[in-house]
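Some structures to go through are shown next.
What follows is a pair of complexes built around chain A, which joins chain B in one and chain C in the other.
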Partner chain A sequence: MDETVAEYIRRTVLKIPRDEIKTMLQKWGFLSETQLQTINFQQMKESISQDVVQLCEENSADIKQAAVLDIIYNHIYPNKRVWSVYQMKKTGEEMEFFDLTDFKKKFKRLLRSALKNVTINFREYEDNAIWIRIAWGTPYTKPNQYKTSYVVYHSQTPYVFISASVLKSNLPLLCQALVVASTYQDIREMELRSHSLNSLKDIVFKRYSQNFQTYYPRPLQERNVAPESDVRIIQESRNEKERIQSVNREVFGDGPQPQLEFAQYKLETMFKSDHKMDILDKKEPFRCLVKFSSPHLLESLKSLAPAGMADAPLSPLLTCIPQKARNYFKIRDKKSFFPGSFVSP
Partner chain B sequence: HLATSLPLPSERDHLRPRIDLIAFMIDIKSKYSLKNVEASLAYVDATFFLGKVCFLVTGVGRANSCSVEMNAIWKLGEVYCSPVLFCELELEGIRVATAQRLLRMLQICAGHVPGVSALSFGSLMRSFADH
Partner chain C sequence: GVFAHLEMLEARASAAAVKQEETELQEEKLARLKARVQELRLQRDELRAKVDLQQNRQLGKEGAVSDLAQPSARAVLEWKIKSVKAMLQIFYLTGISGKLTKRGVCFCISTAYEGAYLDSYHLDLCTKPEVQILRHSIPTFIPLERIAKKYLQTDIRRFLSVLSDHLNAYVGRRYQAEQLQEHFSDQIEGTLQRNSLCNLLVFNYNVSSKSKTFPFNVRLLYGDLCCSLPTEVIVSSTPNAPASLAETAAAHSEVFRRVALHKAFHSFRGAERSVA
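Moving on to the complex of A and B:
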């Protein structure tokens, strides 16, 4: 077995939390059940990984099998990567029947014709998700297995989730291969990025609880006997609190929000100054970048008004994120007084 | 009585007892909180500022998440001639101690402590803060 493959398998196993190693190796299916029995999964991870490499030696693993283990790891822990969402377009009428073998063939052919040294692996999952792992090389070097790109394509939808590695230069080629293989015509980046792959899917497939304009009747006074925390405390602003709750509910809906970590607004607006002194002599747009970050951005926005940290309703620039399916915005001046046109070039 | 802002809703005017002390709470982590307090101050009758108003600044335990500048708070206390108290609500000991202070102030403002008026107590607190 190749040295590099052995090292790669060893490092992949080391990434897995100790309690999960056995299940993941079973999912992998490359080592037999009897072989797995011989490993002591209670010892230190370094020793476990070496035992695994030893067994893979016996089975003569090659890079293709090792890559499958990597896909399984990334499928279970997708949140370690940053995912961007792309949307493909076709001007034709209906969707043609999706042929998986055809897709894989065309994809591999296009990538290999452009780049000789590239490792491509596919793995299909339920819900029509195709996971593609690509390790990039150059015409002169072997593929770097540690700098991989991942693509998750749901074949019944025009959406592709890409976790590109640092090798951004390969992105156009990757996009082209996807478009050709899936018989679409065009692909565009949706300005929607997050660590949480499932949340991105929720936003794009509209699986989160959306706010519908329903009429919430005010509860009858008699029924409003929720026990007070302390009878001696009198809440004067109960009406205001209820208003905030209902506005929040209208905007965010009732269920859990998709998990995003950032919202970024690039301002290309003119600096507006009433004073006589012209701070900027040249009438140039004032460049400014506003970035909101949080472990769970949408939930924290939802809790701002009830916590008394902001007015309700919040600015539509913040609340439109799930509906518009984007969290990176460019804001330019509009002629009217309402600033903002979410137009990206 | 707890309120998130002033003026108080007028429909409950007839149910409200006499107000002896108004404590404006400012969360040092939220500029919005300071803005809210400044807006609400406009609705307070001038007679309250003779010792029946105080500013309570909360969240001082976390020095690294301060959003409100101390100068702004001192200025507020000066302009409205009212004492500024600091506390950290998340620590039970400080919470209890602050509650006891406020209760003592309330007793004085309600006139339950003979010989000490709200105004004299207020000016006592302020002269102490100036030094």
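Moving on to the complex of A and C:
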């Protein structure tokens, strides 16, 4: 077995939390049950990884099999990477039967025709998600297994989730391969990025809870029926609190919000001041960047009004994030007689 | 000018047309539901008569006479709430229900397949200045834009009907694949290859003949997105299989074309039992 493969497997096992190593090796399926029995999973991780490498040596693992273990790790811990969402477009109206084997063949063919040194692995999951792992090399060097790009694609949808590695130069080639393999015509990057892959999926696949008005009887929430905690405490502004709650519920819905870490607003608006204090000689847009960051941005926005830190309803610039499926905005002045700003598409 | 006036009249006319269409839709629904309410009332009266008869028989035995107490105001209110809830439930069960909102209408399309109630999807539409989809919860692989471009502006009834057909067929195909994996996993070899729309299924399954099992490969293509049965079926066996299996393959192919997936396997199991 290659030295590099052994080292790669050792390092991949070291990344896994100790309690999860056994289950992940079982999912991998490369080592037999009897072989796994021989490993003591209670010892230090360094020793466990050495044992695993030893067994892989016995089975003569190659880089393809080691890559599968990497995919499994990233599938279970996708939040360690930053994911961007891309949208593909096509003009044709014919319905395509998405054939997985066809897709894989076309994708590999296009990448390999442009770049000989590249490792490509596919893995399909129950929810129709196709995971693609690509390790990039150059015409003169072998693929670097530590700088990998990951692509997650759900068939027959126009959205692709890409976690590119540091090597941004390979991105155009990757995009081209995806477009050709999935029989689309064009691809563009949406301004939507996050660590939480599932939240990105929730936003573009519209799986998050939107509050639709229906007559379908939902269980009415009990209001004002719960006994007061302490009769001596008087709620002064109960009406206002209830109004805030109902506005919040209308905007954010009842369920959990998708998890985003940032919202960034790039302002390219004119600085508005009295003419007496002309700070800028030239009429140039005043450049400014506003960035909101949080471990869970949408939940924190949802709790702003009830906590009394902001007025309800919140600015639509903040609340439109899941609806518009973007968290990076450019705000420019509207060039007409109505003063104000608009959000660029 | 004249043109501006004409435009205004045109706009008025189209607004009136949309309104009329909405009212027609409502009236139709109302008529249907009124008929249903009559039906249910008849049923209820019959049942009440039966109950009274039973009670009278009981009382007759005991020889006591009870006077019917006047229903209290609270009981009337409870009955009203119950009947309104039942009415809303009926709306929901028709598959397409809607509620007027500030800006237009919010439709709820509920899907079902073979008596199993499946997912519900929502569409928030605004009706002025023209009919537009504000937000929705339709999955991305359903060709919503295509259907909307064709029908949304011109025939909203048709738009909803076509969309409902697509959604119902999709959940039907998905349901069949899930039932197959749940109840017939012992006959399936390896994994079931499918896609998001569930309109292409490829898998291998075992067929036993003369106490030996042979693998069949089947490829199901669902060309019509509004249909939950395949348009093309290719069943093939391995080259070294006996010739008699070719007939079985053709027979199976026919069954897949006509019958739901899990029901097809149910019939295979039954046929095998009767042969063995």
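As a working rule, the second predicted complex is superposed on the first by the 320 of 345 C-alpha atoms of A that agree within 3 Å, B and C clash if a C-alpha of one lies under 4 Å from a C-alpha of the other, contacts with A are read in each partner's own complex, and residues count from 1 in each chain.
Everything that follows uses one rule, which is that contacts are C-beta pairs under 8 Å (C-beta built on N, C-alpha and C of every residue); 3 or more make two chains touch, one makes a residue touch a chain.
Quantities reported herein were computed from a predicted structural model and do not represent experimental measurements.
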Superposition on chain A - do chain B and chain C clash or fit
fit
Winner by number of chain A residues touched, once chain B and chain C are compared:
C
A:Phe205 in the overlay: touching chain B, chain C, both, or neither? Say first, second, both or neither.
second
Can A:Phe97 be said to touch chain B (first), chain C (second), both, or neither?
second
After the two structures are overlaid on chain A, angle v-u-w for chain B, chain A, chain C in degrees (C-alpha centres, nearest 10)
100
So, A:Tyr140: does it touch chain B (first), chain C (second), both, or neither?
neither
In Å, how small is the closest CA gap from chain B to chain C once the two complexes are overlaid?
29
Across the two complexes, find the residues of chain A that touch chain B and also touch chain C.
none
Per the touch rule above, chain A residues touching chain C in the complex are 93, 95, 97-100, 124, 128, 154-159, 204-207, 210, 212-217, 323
Chain A touches which residues of chain B in the complex?
1-5, 8-9, 12, 27, 30, 32-33, 36
Would you mind writing out the residues of chain C in touch with chain A in their complex?
85, 88-89, 91-92, 97, 99, 101, 106, 108, 120, 122, 124, 135-141, 143, 146, 191, 193-197, 199-200, 221, 223, 225
Under the stated contact criterion, what part of chain A meets chain B in this complex?
233-237, 239-241, 308-311
